[in-house]
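Questions regarding the structure given below will be posed in turn.
Chain IDs A, B and C follow the sequence of writing; residue 1 opens each chain.
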Amino acid sequence: MRRPSIAIAAIAVTATLGLTACAGGGASDSTAAAGTAAAGGAATSTINLYAYAVPKVGFDVVIPTFQKTEAGRGVQFQQSYGASGDQSRKVAAGAEADFVNFSVEPDITRLVDAGLVDAGWNANAHKGIPFGSVVTIVVRKGNPKGIQDWDDLLKPGVEVVTPNPFSSGSAKWNLLAPYAAKSTGGADKAAGLAYVSALVKDHVKVQPKSGREATETFLQGSGDVLLSYENEALFIEKNGDPVEHVTPPTTFKIENPAAVLKGSTNLAKATAFNEYLYTPEAQKLLAEAGFRPVDETVAAEYASKFPDPTKLWTIADLGGWKTVDSTLFKKDVGDIAKIYDQATQ
Amino acid sequence: MTSDTDQQRRGPRPGTDVAPLPPRPDATAPDGIHPHGGGAPPYADPGDAAARPKHHGRGLRALRRPLGIGVVTLWLSVIVLLPLAALTVAAFDEGLAGFWEAVTAPAAVAALWVTVLVSAIVALVNAVVGTLVAWVLVRDEFRGKRFVNAVIDLPFALPTIVASIVLLSLYGPNSPIGVELNATRWGLVVALLFVTLPFVVRSVQPVLIEADHEVEEAAASLGASTWTTFRRIVLPTLAPAILSGTGLAFARAIGEYGSVVLIGGNIPRETQVASQYIQQQIEIDRPLNAAAVSVALLAIAFVTLLLLRVVSGRSQRREERDA
Amino acid sequence: MRVSRGIRLSLRVVALGYLFVLLAVPIGVILWRTFEPGLSEFLASISTPAARSALNLSLLIVAITVPVNVVFGVATALALVRGRFRGRGLLQAVVDLPFAVSPIVVGVALIMLWGAGGWFGALDQAGFQVIFGIPGMVLATIFVTLPFVVREVEPVLHEIGQEQEQAASTLGANGWQTFWRITLPAIRWGLTYGVVLTVARALGEFGAVIMVSSGFPGVSQTLTLLVHSRYIDDHNTYGAYAAATLLMGIALVVLLLMTVLDRKRSDR
């Protein structure tokens, strides 16, 4: 036997395996959805969705209902989730996206500047924000450290988990909340920065890249406190993880923008999906999933689920994202960026 | 990585010490020479080119011609060299000062330090325990030995991310045995011990099999204690193999990512290893820092492997001289 | 070395205990956690559309990587063993390079070369996307698996020498016939072993691939990325265990092949 039969057979087997292996994959990773995906009929178009780390729970419920609507019939979704800034940079660097949903507005502005998103993306009644949340404090079950308000985070020995603001949108909201509270909406900038500086220097040790990774880090036992979206807190509580959340009396309103890419090959479908998010039906589903709805009627309906804090600062109070980003977060020049660099370099 | 270990199994890699000759585009050049002394003498007189048929080994000879070599070189360049060149250039994008600043940023230094420290611990543990395991697998007899022997290779076959999940399920939160190592340096050590297990074992095993029993017996019969025999006879024989296995384990450990990503915790200055730092710098859009630390990490790996080659080359020469 | 029974036993206990704690227990725990909810749960978890796509993609990458590595690996090994040219030592070193490079560094290097802002960024602008596409993942996989075939075939080529090849050509065989009838059969076990290692590494590669993948479930997610994304992004620990167990099953098959082949190879 002088034939290299085995080697060739091995190569042939791997090659055929690769080409013929179990056909019929898809984007859904739900064990239940396996049937419904096929029931949707032949895919007529696919929307590539790039989003920040945590809204998957929301999209998991609104995508199937969108697919049941007239406009959404047969539309398939490819979803990618990750740190907001990282996701935005990926799209700007050429990753193929049709619809984007980021944690913070500057991540969409980046795409506007790159000529990928129309400058009028936020022209609708809700300024391009389909849902939001508030910044909340997640603690271990029973709140052993007795955390109630921002000052409690600076108590000696309290370790805070919050993601890295250079990649994560969540991190920016998390830092803006106490900043706004301490600076009374930006009026006393020094007081706000002093708080952030004390927090970052002495209490923040880990720097997960995204809000979701921060959650995972916290659940794996690091830290006493996790700063996060309210929707994320509700999600992990519902999951049965041994945590609870405390919303401080003064906190910050989170607005998560969404936009359609103007060069999308499925512009019509992507636009339809974007518009669908603002319908009462979608708003209710999002509210069920823990996101604060922007539709006023729906918001009123779910008012008991989403208690109003005593004082809720907004990004507009601080002068809008443009100002906030350039004065606080811009690499090497922003005040919070500098604090972070000093603490982490 | 296995192949490097296999190299040990089959003896040192031949051929690297042969001085490179100028290319021979001439088709009638003597190519029957056995540069590596393949054992038996060549059948044909290498110089007797005329005696050979004209169509001799064309397909193979193509690889000796500039074209064949050119294709191979081009391939290696596109796949391996160009990316690394682009990386190096990116690292020096802002000149030597920029590179130096990026590499000496406290967080970068801390990450490199954690990496080297943990890898060194892992390499040392491997040197001791790996030798011990190899000894048990060669000199001891027990039921299921062949099975245990096969299991040693498991970490090579197992994807690193699976290694991470596997260790996390035991040593992570809700640990069934109450040991929580995640986000500690011990977690890193355990993860790296897992993935580097085969190096020393597989490098020591063949040497131990071939080691001369009689010398050991003689030493024992002359009244040497077990410990003395081990220290004076066995250890010197094994030393090069242990060293090379340890070095490979170290080189692997400093670059490891998949197995530490879930269990390591990624805490700057505590458990963040260099590869995690590099990834973080990419994520926060500082490619220069990422490239610079990458180059530093590469340099550490190279120096390790270079030292290894020098040391093993020296001990090999000594062996040859003694023979 | 004569070792007393006591020492021998205690060494055995230490060695086996170490392997038990490091390998056996964690693997036992993950198997238990995977199959505790029942086999059907496991099967459901590894047959979601995303999981099937991930398996397909992993196999596709293997199917591209293996033939490429076989062709170029054998060619490189031949050039290294039979060729005599200036800079061969350098070529040797280049072949070993991927072993020394951290997977993350591979990813960064590929981004610097093929990414939108990299040396070959023009390709990206022309619509041929390498980074964040399947080509990037294939390139990353080829990079990390490049040495296997070369390093497994090379020593065999040294060992067999050139006598048979020369004899064949003396008898009138042309180059291809010589290669096909003499060289290839001689290197077949080494080559197969190299292929098995390549398959194992290609299926298991994580660090280099995650850096260059867009991470779409169903499109650009390999099995290893699925494990990671289930664990981190989906907060689906069970799903991650199940996918990891699937990968582990594949690894076991690979391990079995390695053991069998190793025996074959040393029998040769």
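Basically, a residue touches a chain if its C-beta (ideal position, glycine included) is under 8 Å from a C-beta of that chain, and two chains touch if they have at least 3 such contacts.
Source: prediction; values computed, not measured.
The pair of chains sharing the greatest count of C-beta contacts is B-C.
Comparing mean CA positions across the assembly, the chain most remote from chain B is A. The innermost chain, defined by the distance from its C-alpha mean to the mean of all protein C-alpha atoms, is C.
Distance from the chain B centre to the chain C centre is 15 Å, each centre being the mean of its Cα atoms.
With centres defined as mean CA coordinates, chain C is found 35 Å away from chain A. Here the spacing of chain A and chain B, counted between their Cα centres, is 41 Å. Multi-chain contact residues, meaning those touching two or more other chains, occur in chain C at positions 117, 231. If you check the complex, the residues on chain A that touch chain C are 2-4, 6-7, 10-11, 14-15, 17-19, 21-31, 33-34, 37, 48, 53, 56, 78-82, 90, 93-96, 212-213, 215-216, 235-236, 239. Here chain A touches chain B in the complex through residues 83, 85-86, 89, 164, 166-167, 205-209, 217, 219-222, 331, 344-345, going by the rule given at the top. By the touch criterion stated above, chain B contacts chain C in their complex at residues 1-4, 6-7, 10, 13-16, 20-24, 31-32, 34-36, 38-40, 42-44, 52-53, 55-64, 66, 68-69, 71-73, 75-76, 79-87, 89-90, 129, 132-133, 135-137, 139-140, 142, 148, 150-162, 165-167, 169-171, 176-177, 190, 193-194, 197, 216-217, 220, 226, 229-230, 233-234, 251, 254-258, 261-262, 274-276, 278-279, 282, 287, 290-291, 294, 297-298, 301-302, 304-305. On the side of chain C, the complex with chain B involves touching residues 1-4, 7-8, 11-12, 14-16, 18-19, 22-27, 29-30, 33, 72, 75-76, 78-89, 91-92, 94-114, 117-119, 139, 142-143, 146-148, 151-152, 154-155, 158-163, 165-167, 169-170, 172, 174-176, 178-179, 183, 194, 197, 200, 203-207, 211, 223-224, 227-228, 231, 240-241, 244, 247-248, 251-252, 254-255, 258-259. On chain C, the positions that touch chain A within their shared complex are 44-45, 47-56, 59-64, 66-67, 70, 115-117, 124-125, 129, 131-132, 181, 184-185, 187-189, 191-192, 195-196, 199, 214-219, 226, 230-236, 239.
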